[in-house]
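Here is the structure we will look at.
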């Protein structure tokens, strides 16, 4: 277990700023997933921590020690790559044993540890095969084995599951969660997949354009996105983000969006300006209830997923999604009435994009009551 | 080297990066060393000699200034040899590329005993040029040459052909034998590259209505362009400098119709014992090769 | 890629391929046949296709009455040493050009091609003088150095393009696993670059095996003379060409490159097949 | 090194290195070594075509061997002129100037009066070889003596599958050398004794005329013929006559024994009976480079090569091709012990005599000064070029000869 | 619009049977998605239809015409590949125009059509770029453009979105649905992604081991899986499949699974054998209601996904999942009570794996009431 600290770390490639003054402290034993669009710098963060890439400035500390001068091999870190990077000319056993060999562990001991690990990963029968002879899932486990065999203090995963098919992915996700539970090591896990990010993490770091957007528990991220970017990025289908205005009358907040007027009741916001407040309102699909309610909308698309159905609604100029359980009998073009769960709405400053925090709203375990 | 690598631990990322760069330089050092020793020295010597009158066996030198260059550029030999060299280079290079690519395409298909065919086709490249030329002279021999006799037996000709003694036969034969000798070089490189063309592209093109010729011109050829560029460049340089093959095959004849620049250089240096002239010719050749190379390299760098 | 294509076309293309291959190889065949003909049959008119009586005399004379075996041994040493040297220097050089960053890297990669600028006839004398200067004249070493310098630039380019195809992550993984940069190179890059190394080795070997001009000038003693100049000096004079001997020698000379190619060809196709782990 | 007490090493170079010759060299070396136990002689073959390159490099680097044999006499003259090789007067004296055929030493006398080399052998290149059987069949009783007779004979024997003769028309040294002979056989010369260019003269035009007229009796491929092709054309029976040295004898024995008994040779015909035969003789030389590490020993070895017990061995390696320069050898029992030499004793004796009176461009006649540019003139191919221009390209002979003359002048003054 | 018929089509590679006697009729204008595990033969089906691979036996008909003798170019089919297969050396415009060029359409007309299409696909500004200079989503649209430009009668898609990240995928999914709606062409779409399969299809074809398992509407497939394979394959998390036994007493069905006994009430099943019936019971996560109910289970895993949470339950020897809305306050190890929505249970014959159909159960639009 190790604490990992990024202290205003910057990295620039030619004219691309890959990572921009990253400050991030990861507590020992966390399982952090990094989410963010392609090219936002996630891999660069991992690679700097591993020592494969040198930061331009800033310090990286593991358990309080600056690791800047250490080679990757000296940092006591294991990494699983998106492509697995298995050594194609070595057998599975040789692949897993490689880190031990490089650390001078004796042959017999190496064999013993590889065998024990293979048992626990259920790849014992594959030990003599070459990577090319394995299925994707098996390769994935070998890559894991190679990372686990020397019990490093930090594990790094760079989109390890992204090349697997859906079924296998679900299965491996379970195994990784189990691995973290069992070893209790600090892990950082980069992914594109929200389901993975949400289900595996103790904490999520959301990045965009080289900058950290939010760092918090999955519930934090989902229920209290720190800015418009995080709000729009996390959740499937995405939160509808609609520009509007907040007006205050006797401490009652009145929201105007795309022709609709919503009386939000008595609400108090931090940093409230005088007069009208230009805001972006975020509405998650599950916070739209269909059937009756004050508002009317036309259904412009219906996506049945089996256990639930996503309706796309057009209300005035606003476009938003609604999640309904099971199959839906509605048809495209139909008009329905809907309501919003007002206390689950999210507000962001139009200019800065930052979340507008409410005062006096009880937050219990990230779940607004 | 080992001692250099075992530097004390770096103390900062910058030191680590510097150590890395040093290691990189260390790894390229043997290359630089060998090439500069074996190339830079002769290069400088050649440049020096080209400004002198030099008797080859003693290398006794006598300052001549630019007179060698003046003599070369004002005489007809150089320009004629240059034209000959260009005809030879372009002709044989074109044939090598044409035949090399065609053969690679054929060998890339699933044919019976493909591995054997692939080995056999590389054979001309294995053969020492000296031997290859002698074999060809034997094959084309005016009296006992199996080629003439086979053609006569097939009724294609009725008297032996003078393959090497008259124009344009001599140039054509030389070009063809050059192509035969060196086309496997193209085959090896192209064959390797062909295996990396994504099969999906061909399928997409078939769906889009492309026939086999269109698939070749629209997909295969553009994919080969990179490797063909490098191969063509190297072969062009090498063909331009080719000495053994032509010297042994025609000696430059008939008259001077196949006497390319390297033959002229050789004759100047060792036949006429005028090393200074030879060096001046060589320097001019080098400038020509440079002029042919630079556009390619510039383009290659631009692409990267 | 099968499809709605008539089978006869495939058959015709296969036939065409083989016809071309056999045409290309015909000189080899003729060489072999000539080497087996007795002297008296060589100048028969019209020439016989198959030998009327097979004679191994040229081979026996070559092997037992001439310095051919010594030349052969010299050539083997020469070509092998050159190949090893070129592959070793080329591999680390290519790795350096590919995976390290320092100033002038790209320029260097271009500059190495400058080796090919001067015609070899001109390089010879200065090269020989230099070899004498450093005391290597008339030694195999002088040829090894010369061939190395001529094979190296191409080897470097070839290896670089092959090694560029090895994912950078592979090396990163090895370094994270505790390997030094050199360690990762030896353990991970080299084994995977084998097909490229094979092709490079083949090209280099052939270059060293077949050179004539440099061998002619740089080496004058039988102890260091390679096959090309040895055979030509023995059997080709301005007055006469000993065809049977020359052809027999050529046949024997072709054996090592063919063995080498067969070996590397196997390597090549095998490892290309394995390269696509999880593409 | 002698100082280290090990054996002294002598290096011996020669471009003549067929397996038979190398075997005979071994024998000669063994004979010398057995008499000089502290000497080791290493034979190193050089290339026949590429020797100028090798020698240039070796001279430049001071890496010359101790003894060189079988280079043309004009090469020796040229090197000597540049101070690269030792005078050989003492060696000539030790062997005895009188034991040589008269004229055999003349080509090696340098402008300063010293001998720059010795002829280790000689060759009679301009022999007209003919097939007695074929000439008889065509009703020709005697071997041709003039060009007209030769032409007529060729015309008579030539038929489908049999060519009248085989002359070289290629861009090579043979064409140059043979055509120089042809000029002489018309009574001309390339240079005056004072080495002024004299090629533009009637004999040259006659020679060109003759040479062009012979083209139709040669195989089509004669346009690239050089030594090897001319030789095999006759030996194989493809042509009824040919021009070559005594090498024909050995090759007929090995390659076409069926005609061994029906071949004969005479000196090559001339324009008219008034003009004596003229044969090109390239006088294979023996010389000792200046840089030799042990000239004294090298000279001793050189002398031993001419000793009566060793010299015939050397000649027997190429019976009839390399002919003796020493008198009395043709009747020497050791020499005659060779079956080929015995079989063709008459022809060999004739060739030896002709060769001893032969000349070459290095010294076109006894009256000429040594031509130090002879090697360069041959290497420049300017004579072969003259032939090709007139014969193959049909250029105006006057223009072509004029061009050749000016090239010769340029080469002489370079 | 074209009808596509596979008539007992077989294809074997060496010793692998890639497609096994496929009978499938696709009505004109359908959007069919093909679902199935890796290697089940989906691509082979598309490629046979396109003419890239010849079937070993059987016929393929497009609009009643046997296309066996036609080259791919003659079949009036367009295909979008997983890798897009864009021609890397051609510009976007040239890529899109290529099929027209090969059909001899004049240059001016080509330009016109490419431009119009580019407008509608919103790639007009990219027309002069090379594929390598485009992002994944842009490349995808170019590939689409190349397929659309000649207005073929059938569109084939082989996992066209699998290389995109989640956000982009959702977006492109919407565009493809829109495309189908607008063009009304017959489309066949291979995918690994269930969300795609469910939301895009008018009908889904589920394959396994070269054989067609079920062909039906998304609701059919989800609500009435034809066999155990389809049941387990479709749905995330997967339907729990538990072996058990059905006992009948006075037409009441009693189900025994893993120690639990469930009285199913009066139920009539087709082909009911005499005595106990060995069946596999399928239970979807949304059909398990947590809170109270007749059964107790231990929570063995909790996966919060934001808008819902998946609980993994262990009840006796059985293991099943439950879907609950929002975040959950439960903890791993806790015991909870749960109920099953009995009418949504699925039964499969243990031996044949086939669905056991109920008699007299009203089925309205695939939704059991």
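By letter and in written order, the chains are A, B, C, D and E; residue numbering begins at 1 in each of them.
As a convention for this text, a residue touches a chain if its C-beta (ideal position, glycine included) is under 8 Å from a C-beta of that chain, and two chains touch if they have at least 3 such contacts.
As the structure is a computational prediction, the values presented were derived from the model and not from experiment.
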Next item on the list: Give the fewest steps needed to get from chain A to chain D, where each step moves from one chain to a chain it touches.
Entry: 2
Notebook entry, point to check: Which two chains meet at the most C-beta pairs?
Noted result: B-C
Notebook entry, point to check: How many Å are there between the centre of chain B and the centre of chain D, using C-alpha atoms for each centre?
Noted result: 37
Next item on the list: Could you give the separation in Å between the centres of chain A and chain B, each centre being the mean of its C-alpha atoms?
Entry: 56
Margin query: Which positions in chain A are in touch with at least two other chains?
Written below: 51, 71
Note to self: Give me the residue numbers in chain B that touch at least two other chains, ranges are fine.
What the structure shows: 56, 59, 143-145, 203, 206, 266, 269, 275
Margin query: Two-or-more-chain contact residues of chain D, please, as numbers and ranges.
Written below: 53, 56, 60, 232, 236, 238
Next item on the list: Using the touch definition up top, name the residues of chain E that touch chain B in the complex.
Entry: 47, 50-52, 71-74, 77-79, 81, 83, 85, 87-90, 98-99, 102-103, 146
Item checked: Complex interface listing, chain B residues touching chain A -> 9-17
Item checked: Residues of chain D touching chain B in the complex -> 52-53, 55-56, 59-60, 79, 82, 84, 169-172, 219-225, 229, 232-233, 236, 238, 376, 379-381, 384-385, 388-389, 392-393, 411, 414
Check: Taking the complex as given, what residues does chain A use to touch chain B?
Finding: 51, 54-55, 68-71
Item checked: Touch list for chain C against partner chain A, complex -> 167, 169-170, 172-180, 183, 187-188, 191-192, 194, 274-278
